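The two complexes that follow have chain A in common; it is paired with chain B in the first and with chain C in the second.
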Partner chain A sequence: MLTFIVRRLLWTVLVMFVITVVVFIIFFKTPGVDPARAIAGRSPNPQTLAEIRAQLGLNRPFPIEYGIMMKKLFITRDLVSYSNQGVRVVQEIFAATPATLSLVFGAAVLWVVLAIAVGIAAALLKGTIFDPLLMVVALIGVSAPVFWVGQLANMISQGGLHGTFLFSWVPPLGYTPFTQSPALWFKGLVLPWITLSLLYIGFYGRVLRANLIETQNEDFIRTARAKGLTERRVLMRHNVRTSMITFVSLFGLDFGALVAGGALLTEVVFGIHGVGFLTYQALTNLDLPTIMATTVYGAFFIVLVNALVDIGYAWLDPRVRPT
Partner chain B sequence: MTAETLLEVRDLKVSFRTEDGLIQAVDGVSLSLSEGETLGIVGESGSGKSVTMMSVMRLINDPNAHFEGEVVYKGRDLMKLTRDQMRKIRGSGIAMIFQDPMTSLNPVYRIGWQIAEQIQAHEQISKRAARARAVELLTAVGIPHAAERVDNYPHQFSGGMRQRVMIAMAISCNPDILIADEPTTALDVTIQAQILSLIRKLKNDFGTAVVLITHDMGVVADLADKIAVMYAGRIVEQGDRRDVFYDAQHPYTWGLLGSIARLDRPKPRRLSTIPGLPPSLLRLPPGCAFGDRCAHRFDRCDERPALLAKVGDGHLDACHLDIEKKKELRETTIHPELIEEAK
Partner chain C sequence: MATLLEQVEVDTELRPAIAGRNPWALAARRLWRNRIAMASLVLFLLIVVLCLAAPLYAHDVAHVNPFVPNLNGHTVVGGKVVPVMQRGGGALRLGETPIGPTWDLSHYFLGGDSTGRDVAALLLYGGRSSLLIGIGSAVLCSIAATVVALIAGFFGGTTDALLSRLMDVIWAFPVYLLAISISTELLTHTSGIQIGPLNVSATSLWVPTVIIAFIYVPYVYRPVRGQVLSVVNKEFVEAAISQGASNLRLIFSEILPNVVSTVIVLLPLMIATTILTEAALSFLSIGVQPPNVSWGTIIQDGTDLVYSRPWVTIAPGLMILLTVLSLNVLGDGVRDALDPRAKLRVEG
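Let's look at the complex of A and B:
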């Protein structure tokens, strides 16, 4: 198992290297595009362009160019944004990370707990009216767009009903760091958490239900019953445990994608200045250094979480473990 | 037999509601099993032998299933027990092993854990003690290096070894009855023989009564004390092993006997088969269910034959044919090659 983990992590490093090369090629070696012009932002003067070329070594051979870029991204971390007047990009991303992590972690807790509850409830109630009912509610959760749910939540909690006891506790939009005020951090994130997790509760609930029902017919579930285990134990230790394999691998992918900036819509709607928000701003300003840095950051995070998922998967399912 | 009756199935009927209509999977089956006895239930796929024993264990969880009849185990009708009372009997009083050992064990747990789980479900016992017992059991069923293998996962075992693990699990709480549902069907022939001799050994060592479900007369030939032959959800012949093998009364039993390749007789040019397929359980004929496939069908076969003791005590059959006539027909049906030789 240990060698598996080490191997998997080494593999991760290799994948990350390939990603940086690919991202670099896309941003700097696309034929017909002058990267200096793209980086300089809107209507640059020749002086700035020359400065950028010199700084990033754009006239030098490819490996050196790549090396300079990576040095600026990972070692000196002094890649600056031109459309955003000299802001250091890497530091900006690191500053935005806690907000995104707070949002995604909280939502993940909500969605895992509730999706398991919904999935098990629906599977147990199969054959009654509640199963299709739950599944329709879940489907609505999946179909409701985040920006719509978010705006609706804002409209109600910040607008019309803010005066009533129901929503008077909701602070103004934005993110308060945990270190500043844990209470405010929590209050400000409740609605974003719910909004973001809604889709995943619905989706994961449906996936788990399907897996549970499929597993119910497996021979080993029959064996578990024939052993004289309680129904509860058959369900939790045999059926749910085995069905969680799909759930966990999906979770890793979604979680990684969200931390990598996928929570963009939620962050924008609720004014949370996280990585998604940063990406959104960079995209609207065509701020190339920031876009590139968030892309690399996002890719790194997804690759890292994927490695963790693979390790978790091997822990859950002994059949994929190397012997 | 002086031994006490352990299990008695009385007029068990199991039907399933389906979109096409009612399927009568088991149609009035009565069986009894005494302590330490081995009962072989033989029949083709779909003859209701598995459903009968699954119903005894109350393992059929289908809301469309309907059960009638009694299953008396040690004086209690299992059909009337609460779910929790029934749970306590499963695994400790009556244990069951299944056809496909490749899928019958949970792939994500160590086998020792799975055996210990069953012991702990029925006994107040520490984890360590349960695990130690698992190792003993694995040794008893012939798994080499059991102390190390106890921590392996099912996929690290071969099919035959997995069936041994299943058997170890089944006997872990010293059950009175072991139901083996086609325990050797998914295994290759040499392994089949090993598993069967293991079952025999355990039966002798622990005095467990065994119900052996199979479609292979060869499997019950030297293991069973009594044999019940099932066809289309009914028992067509029932009796002591010797009676069923050497004095078979039902043409279906003849067909089954004829389809065994025997080494102690002249080699037939072709192994005989029973023509046709079993009838649909949705629309059983009103008369003898085997009628359409029977070479000796006559007028009375349109009337459903009752399962009666015609040739002797304890040897029952459901066939209208005359006993004397059967004697003639039997040899030619089971061994057509004898006639060819005579020619």
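Let's look at the complex of A and C:
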């Protein structure tokens, strides 16, 4: 187990290195694009360009250029944004993280609970009209563009129906930190949570249903029935438990991807100032240093979460440990 | 990102093979009998035809050019001539609001957008870009991923390890952040991108197509490589080697036909995913660039009109929803019909 962990972590470090190289190439070595010009944002003056070239060592050899960039990203963390008055990019990202975490955690709770409910209900109702019906609803959830669902939610809750008792509790768009007002934090996040979780409820519901039905034909389920266990116990202890393996490993990956920028569209639509929103703002200002930093940190986060999922998986299920 | 792609290999069941028929014919027959899948295929084709007919609609039915702002234009509602941009209206009662839906096919059926353009005509033109980019990038991605998977699986060893690790790296990037990075970098260069002898304009539809194709390569690569590995040591490959077949021949005439079904199963789901991604990127204003429009850019344009003219947002979203839904249902049907995993089990 220890060798597995060490090997997995070494591999993680290697992937991180390659990621930084890829990002570096995208931002500094795209053929035909002058990096200083791109980093400077809209309509830069020659002094700014010269300053950027000097600061980032753009006239120096490739490895030194790369080294300077990495130092500014991870060690001194003083990479500044030129289109945003010299704001320190890395600090900005860490300041935006709580908003993203609030959004993703809440949505994750919703989607796990509801997806399990949908999956079990559909598997139990197999053969009736409700199973295909539930699956069609789940497919609609998977097929709807999340930013559009968010716009519709705003349209209803902030527009026409805001005056009625149904939606009068919805605060204006934006994010209130939990420490400032827990009630407002919660109220402001309810609709974003629902919007973000729809896709995952549909997706995970379908995955769970498929696994449940596949597991139902396994020998150990027959054995459990033959032992005289109640149907309920067979379902919950034997069928659902086994079927959750895919669910759990997918969950780790999707959760990581959402924290690392995947919730961007939801954040933009609801004005939640998280990491995704920061990237979006950077995008509209053509603020490349910020985009570069969110991409690198996001990718790092995903790689780390993936490693943790793999290790956790190997810990739970010795069969997957390579010898 | 959660897409139906990840689900492909789940939920397959063994089907008895009927001897003496071409497997493709069998699959087509199974698909033909699947009424829900066929209905969704019809729906998808209907959407494609409607969007292809965009110039016809704009020119002959609505009599508008949806690419030119029409701030001072007029149209006819219930027999009366009214301006396209109306003073007041909307929640704030400020400035000008475009005309709302008239539900009259020849006069601003879905109303106007913020510059007075006909939303219904834009919707069809937008669909052309969305479908073109969606299908184009899915096909491009499938081809690229298949070629890489064939090389990796066939040569194995170091080649396989290197290529697979490279795919892992692309896989590790958050999809939207990677797309944003590449797009902004390219779009800062407004004079176009010089790639060898090719000069691609920054507003070309090729830019989002290639970016989207690139970010999804690992999603197709993984299952296809698995399939290549499962056939590369089969007897028929050995037989071909003993006959002195070249590597190229082995890859393209022996192995490729045996992995094509996997690619075909993935294709509808890929198109569904790429259409959603294109919409998202265009919504973030880094996908389709003006003067082109797509469903995503129309939703983006509708953001300012969400409360006063909701149909500018609702209509393109519905189109995306219907298109992606039909593709996902069709993808389920194609998977059930071809079922590469069940076929493998019969052979193996």
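Rule of thumb we're sticking to: the second predicted complex is superposed on the first by the 309 of 323 C-alpha atoms of A that agree within 3 Å, B and C clash if a C-alpha of one lies under 4 Å from a C-alpha of the other, contacts with A are read in each partner's own complex, and residues count from 1 in each chain.
Definition applied: contacts are C-beta pairs under 8 Å (C-beta built on N, C-alpha and C of every residue); 3 or more make two chains touch, one makes a residue touch a chain.
Remember, predicted model here, so these are calculated numbers, not experimental data.
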Practice task
Once the two structures are overlaid on chain A, check if chain B and chain C clash or fit side by side.
Solution key: fit
Exercise for the section: Tell me which partner A:88 touches in the superposition: chain B (first), chain C (second), both or neither. Expected result: neither
Handout entry: First, second, both or neither for A:206, with chain B first and chain C second
Key = second
Handout entry: Dominant toucher of chain A (residue count), chain B or chain C
Key = C
Exercise for the section: Classify the contacts of A:226 with the two partner chains as first (chain B alone), second (chain C alone), both, or neither. Expected result: first
Practice task
Scan A:72 for contacts with chain B and chain C and give back first, second, both or neither.
Solution key: neither
Practice task
Angle at the Cα centre of chain A spanned by the Cα centres of chain C and chain B: state it in steps of 10 degrees.
Solution key: 80
Fill in the blank from the handout: When the two complexes are superposed, chain B comes to within a least CA distance of chain C, in Å, of 14
Completion exercise
Dual-contact residues of chain A (chain B, chain C) none
Handout entry: Touch list for chain A against partner chain C, complex
Key = 15, 18-19, 22-23, 26-27, 30-33, 37-38, 139-140, 142-148, 151-152, 154-155, 158-160, 199-200, 203-204, 206-207, 210-211, 213-214, 246, 250, 254, 257, 260-262, 264-265, 268, 276, 279-280, 283-284, 286, 288, 291-292, 294-295, 298-299, 302-303, 306
Handout entry: Contact footprint of chain B on chain A as seen in their complex
Key = 127, 218-220, 222-231, 233, 237-238, 241-242, 245, 316-319, 323
Completion exercise
The answer for chain C against chain A in the complex is residues 1-4, 6-7, 10-11, 91, 165-166, 168-169, 172-178, 180-182, 184-189, 193-195, 272, 276, 279-280, 283-286, 296, 299, 302-303, 306-307, 310, 313-314, 316-317, 320-321, 324-325, 328-329
Completion exercise
chain B residues touching chain A in their complex are 57, 59, 61, 63, 83-84, 87-92, 95-96, 98, 100, 103-108, 117-118, 121-122, 153, 155-156, 166, 169, 173
